[in-house]
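Here come two complexes built around chain A, the first alongside chain B, the second alongside chain C.
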Partner chain A sequence: MAFKRREAPTVEAVDLNTISPKDTETRIIQGVKKYATNEGNWSRADANTPFLGSIIGMGIESSNLADVTMSIERQFLTRKTNRVPVNGGSEFRLEDGELGKLRILDGQDATAATPGLSVKMLMDLGHMPKDEGYLSGVVSYAYIVAVGDGYRMNDGLKKAVEKVQRLSGAEREEAFMNLKTLIAKAREYVSLLGDIKALAENRRKTYENDRQTVDNLRQELSMIGEKLKGATASGDSGQVATLRSEETSIRSRLKMGEQRYKISEQVVRESAGRKAVEEAKVREISTILSQTITDAQRVA
Partner chain B sequence: MNRKRVVVTGLGVVAPNGVGLAAFREALKAGKSGITHIEELKRLNFAAQIGGTPPIGEEEALAVIPESELHKLSEAMIYAVMASLECAKSAGFPVDVAAGLKDGAVDWGAGVVIGCGIGGMDTIFEQMVSVIREAPMADEGRGMVEMGTNIVPQVMGSSVSVAVGRFLGAGGQTSTNSSACNTGTEAIFEGYKHLQLGYADAMYVGGAEGSHYAIWAGFDAMRDVLCSRYNDAPEKGSQPLGAGACGFVPSSGAGVLRLETLESAQKRGAKILCELVAAYCNSGGQRNGGTMTFPNQEGVVRCIQRVLQDSGIDPARISLINGHLTSTTADPREVESWLKALGLLPEKFPLIQSTKSMIGHSLGAAGAIESVAVIDQLVNGYVHPSINCDEVHPNIRKLGVADSIPHQLLERRLDCVIKASFGFGDVNGCLLFKRWDGK
Partner chain C sequence: MLSDVDVRSLRRQERLSAWARWPIYIFLFFSLRLYYGYRFEDMEAFRLSLWKKLDKHQGPIIWAANHLTLIDSFLIFWALVPPSKLSRTKIIPWSTPEYRNYYHLGGPIYKRFIRFLMYACRCIPFLRGGDDEVSIQWRENVYQKCRWILLNGGSVFIFPVAGRSKNGWFDPHRPKDLLGRLAQEVPGVKFLCVYLRGEGQIFRTVYPRRRERFRMVGDLIDGLLPGETNPRMTSQRLFNRLAELQNDWFAGSGLAKNCAGNDVIDLASPHARDIFPPDGDPETIEEVYSRRLTAKETAYLSEFSGEARYRIFWKFIAAKEAAMKALAQSGVMSNFKDLEADLFRRRIVHLPTACEMDIALTVDDAEKVHAICVLRGGYIGDDDHPGDVLWEVRQVPDGAAPSEFARESCLNFIAASSDDIRTPDVLAMTDDGGIPKVLRNGRVCDWGVSLSHSGRFAAYSFMVS
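Then we have the complex of A and B:
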């Protein structure tokens, strides 16, 4: 008999208006078990455990993020099922209607990096009632990224120390120089994490760049629109075809740019303040990273 | 160019009559068949309703592969990974799967060539077809979403090798060959060349095949290719060399060898199992009697002779032939080819056996699983019986070599063993393994 897989247990979808945020979070964590390659982290996962990454995350690979969203869609029912077309195209938004299947539209899950942020996404999109009590314990996307960067830096620093200790001769010299650079960067990062204003300012730079990109693309799109009007009026079909192709390309880049911009805007907003849960996470990684810096300095 | 010598330093196997080398050896020695009746084939009105599948399910697989990885693997990938993990462990490179795969070191000196004949059909039928059928009813742009994101790695040609590469952290060339029933043997040839030329220190080579009915369906559609006369006595169905041979019995599994340069093996003090002294693949060009499904005998003879020539080994030193011998009408012709290629009188003809008599024909995995059997016999000094051929095919009897077929287990020190595989497309492969005597 051929290789037989166990039948996956059927999970009955639940109305998001009848389930608590905590139970929603638990269901989301259970639902991603089969994608989690770091089983230890998965079994300890809570609202603020990132899906991605193995250091503090569940080890889910980025290619599986679509599966995470699909798993959420399969487990819940919503009243936001009425499709209202927008921009006259195939895009639509969801408004209240009959109870039915949950649909997460393109880009809506862009910052749902943890089970808690997935619950927040469901609340923000109106699929379930807002619960400020629950949300106060959810680390924002901005701080998930900031804390995650700290852990990655800590891991990199430890590996650099190991490398210096393992190598000899010219290779050791090179590893040694690299370690010194990493120590300097890690020190700067601890200091950045400790200063809310500086962190927000740092994030603002990315935001400004993304905004500039979007502004430029909007301007380009407007210019192409003008040129198209002219070419259409003059009946130059070859030119019209070329311009339409350019317009499509710009629209696509603009869509991606707007998504990045939306995320960086959110990051700037969230970086401006710090909840108690975020403060605790920042303090934790700052302590760990500072200790690793001290250890690394001994080697350096 | 000074070519490097190549030795075997590890083995792993997932076969219908035994999972793991120890169980496989025990089954080979006992002449135990792994062929069973398959209810699914009966339900689908196959003419041939028997086959060989390794006796494992999800529970056994989960004992060595984490759940988070298992669901990303097709059946052939699972067998390939299980055999590779055993192979790596036996060669002195145990993989701590529980510790996670991502943080382990990359073995830049090791590559992977695991072949697959058809593969991925279970994924296509169980995970893709139903979604594609429902797709017209899905939301615009979301017709395929339900498949999930792990489909492509399960159906791409290189699936078995990249799965093994992921588990072993192989940093050398990682690719999959395919040449029908010659696939497993060809993979070993590919790894051999790679090492001879110094492109790697070690290569994990072999073949893997799943057992989904869709892999076997096309063969069932062909007249007299599969054995359909033993549906009620499955273990008797595979009769290579026998008078009652009436078609091959399809099967599945995986065999993996760690080939290594002699230099690398000696440097790390590895236990050397045997030497692969020569290997070659060719084609009969589908001329002079050769067709898409039948070999040009001249191609077969040339392939074997090239291996003998490259090895510099006198045919009289060959202790055992492990033939392709599938239990079809082509068996007598294959024996005739061996006689021609070796140029020996019938009374000097070496022992000849068919591992397929116990495990059926595992297509892309066949050459690899059978090579594992060959090496185990070389290392442990035995010759497994060729079962189900007590009455030898009359045309083989006419060739005067009937006495060369071992019907019982023989305890015997072997010197050189030659193995061949032949496949649709008129392709041939041959390998010559020599007992390792420390030099």
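Then we have the complex of A and C:
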């Protein structure tokens, strides 16, 4: 007897130009349900709920981030379907064409850390019209990271307080030292959040690393260029072929490095300004953290 | 043995370089200090401490150092040799740069200029690759030249690991015998060991970044000790000393020394099967690959099917996640497609920087796979050595939050692994930009802590080096 396998329910894809940003956001949240491990946070999720993390996030594991993107691709249709080759190679960019399946290219989803930022990504890539009203309520990637750090710090501080309260003698002393460090760190963080310039400066570390990577790759490329000149002049065809393949590999590494550099540049830029919604998020975590600091100091 | 022609040629080069030492020193000053803006921390103290020993030793010297950029030998020379010591020409080292890297650069004029500069800087071109007779003869000839220079009281500068370090870490577990062999053949030779690195130098690069601030530590040690009967013993001692200097360098640095990561995957979790259905249709599988794997990894996986393919796919993911965590500890953020794993060679490459790291699949059973990755700080371990990463995989009890369980279990594990931490209560978990860190006595411990959870399992690791 042959059984017919039950068919998986098909997701009906919707044209991104026919639905509102809010509906898009709702569909994105529904689409990631199966990857979420924190039911409470997922069911309360809005535009600014991070996909990752369990304290305020939906508890999606990092290995599932690619699935979030794939889930978005499955749910929407776009007019940006026309593949236009770039630099004569295998790379392409998407331009207006027939309505078809949404495709998010490598690296384009790097800062889509929340449903709101995913919608922003779709707008930035031209898959749906820009809606400034909606975007004004979306917390930037830089502030999602900054606020998330604050919540994790708050959680750590609370646990340290519990430990100190529970211990006695030498062990209490040792745990107390940790608590003092955490209080100092948390205080420093609250003041960092309060100072936009300092926060932007603080985010420069990754930016500098990424910039160095790109600079270095450019140097490697120029070095290969010089070697190629030499090898071509001396007519060493074997060496020329080896150098050409090395050059191709460095070019693709450079492309990856530049993508990352663009993101860290964006983080520094976003940290340097603050929208009302970001101000509210910052104020919220600052208040929570300050309260925990006060409680911790009482124990200390 | 060297021919008379070779000896005459070396003598000629030595005379010319002795004459050219002043113009070259001035050129170095202008290019490194004024153009690149390089600075050396505590240079006077460094010079003083080493010259106290160097002044007492008038014999041959082998300069041995870590290798991160193409201009390391110039930087080390400048850091160590003040103008007042340039008159001691025997101490100006001979170098053995790779022939293919320097001797065919640019057009005819540029190439000639570089070749002349290399000649004046006492360079003997070396050919690393190739097993043909010409290449082997070339290498042996260079070795004989180095030996001759040392036997005549001179100095040679040889990087013990040959090329620039692929992960920015000097690894003493893979010694090379060349320097040991030289030391065995030259009576009275000493090793001048130097560890020099810029504070912003995470991986190998062509040049250090502009306005880099360097710190360096060094020592002068015996070339041969009684009882060292083969080159490997001597080389191992040299490598160990350089590794100690590396530890001293990191002790005074803002860079984290221990950078490792771990990751566990629950193979039976509905998530894992949903993401990558073992019997999924080719289109779904291709889509899953395209988001996470490189072309080379995809090609490797295409040789498998069904459950085997499913397991190997998750091994790739575990290895990549572990590598991402190790890189993040050094301040470098990455994603799946930035990394290319070679499960057979147990190596993973961060493509944008070409940094190559060690990986190990530590648990590989029917229910789960667990991987660890080490960027720097210690040894990942092998069949003979347990390595410097301690790790554990445990099942998350029903009702417990996996991330919370991983954090608490990690502290328990650290305390249980240590003789002097009586209870995990004296430790606290904090994080620095999303990277877990452990506090003890109020201080952040450089232990390279990493946490992971997937489905029913939680895993954690830390480094004991």
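Throughout what follows, the second predicted complex is superposed on the first by the 254 of 300 C-alpha atoms of A that agree within 3 Å, B and C clash if a C-alpha of one lies under 4 Å from a C-alpha of the other, contacts with A are read in each partner's own complex, and residues count from 1 in each chain.
In this text, a contact is a pair of C-beta atoms (placed from the backbone, for glycine too) under 8 Å apart; a residue touches a chain by one contact, two chains touch by 3 or more.
Not measured: the values here are computed from a predicted model.
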| item | value |
| --- | --- |
| Partner chain(s) touched by A:Glu39 [first = chain B, second = chain C, both, neither] | first |
| Touching partner for A:Ser54 - first (chain B), second (chain C), both, neither | both |
| Touched partner set for A:Gln108, first chain B, second chain C, both or neither | neither |
| Contacts of A:Gln219 with chain B and chain C, given as first, second, both or neither | second |
| Between chain B and chain C, more extensive residue contact with chain A | C |
| First (chain B), second (chain C), both or neither touched by A:Gly257 | second |
| Touched partner set for A:Ser63, first chain B, second chain C, both or neither | both |
| Overlap of chain C and chain B interfaces on chain A (superposed complexes) | 34-35, 37, 54, 63-64, 66-67, 70 |
| Sites on chain A touched by chain B in the complex | 1-6, 33-39, 54, 59, 63-64, 66-67, 70, 90, 103 |
| Complex interface listing, chain C residues touching chain A | 100-101, 103-108, 110-111, 200, 202, 205-207, 209, 265, 271, 274-275, 287-288, 291-292, 317, 321, 324, 331-338, 351-354, 401-404, 422-423, 425-431, 433-434, 439-444, 453-454 |
| In the complex with chain A, residue positions of chain B that touch it | 36, 38-40, 53-54, 56-58, 61, 66-69, 71, 75, 78-79, 100-103, 122, 139-141, 145-146, 148-150, 210-213, 252 |
| Residues of chain A that touch chain C when the two form their complex | 34-35, 37, 54, 61-64, 66-67, 69-70, 106-107, 110, 145, 148-149, 152-153, 156, 159-160, 163, 166-167, 171, 174-175, 177-182, 185, 205-206, 208-209, 212-213, 215-217, 219-220, 223, 226-227, 229-231, 233-234, 236, 239, 252-254, 256-257, 260, 264 |
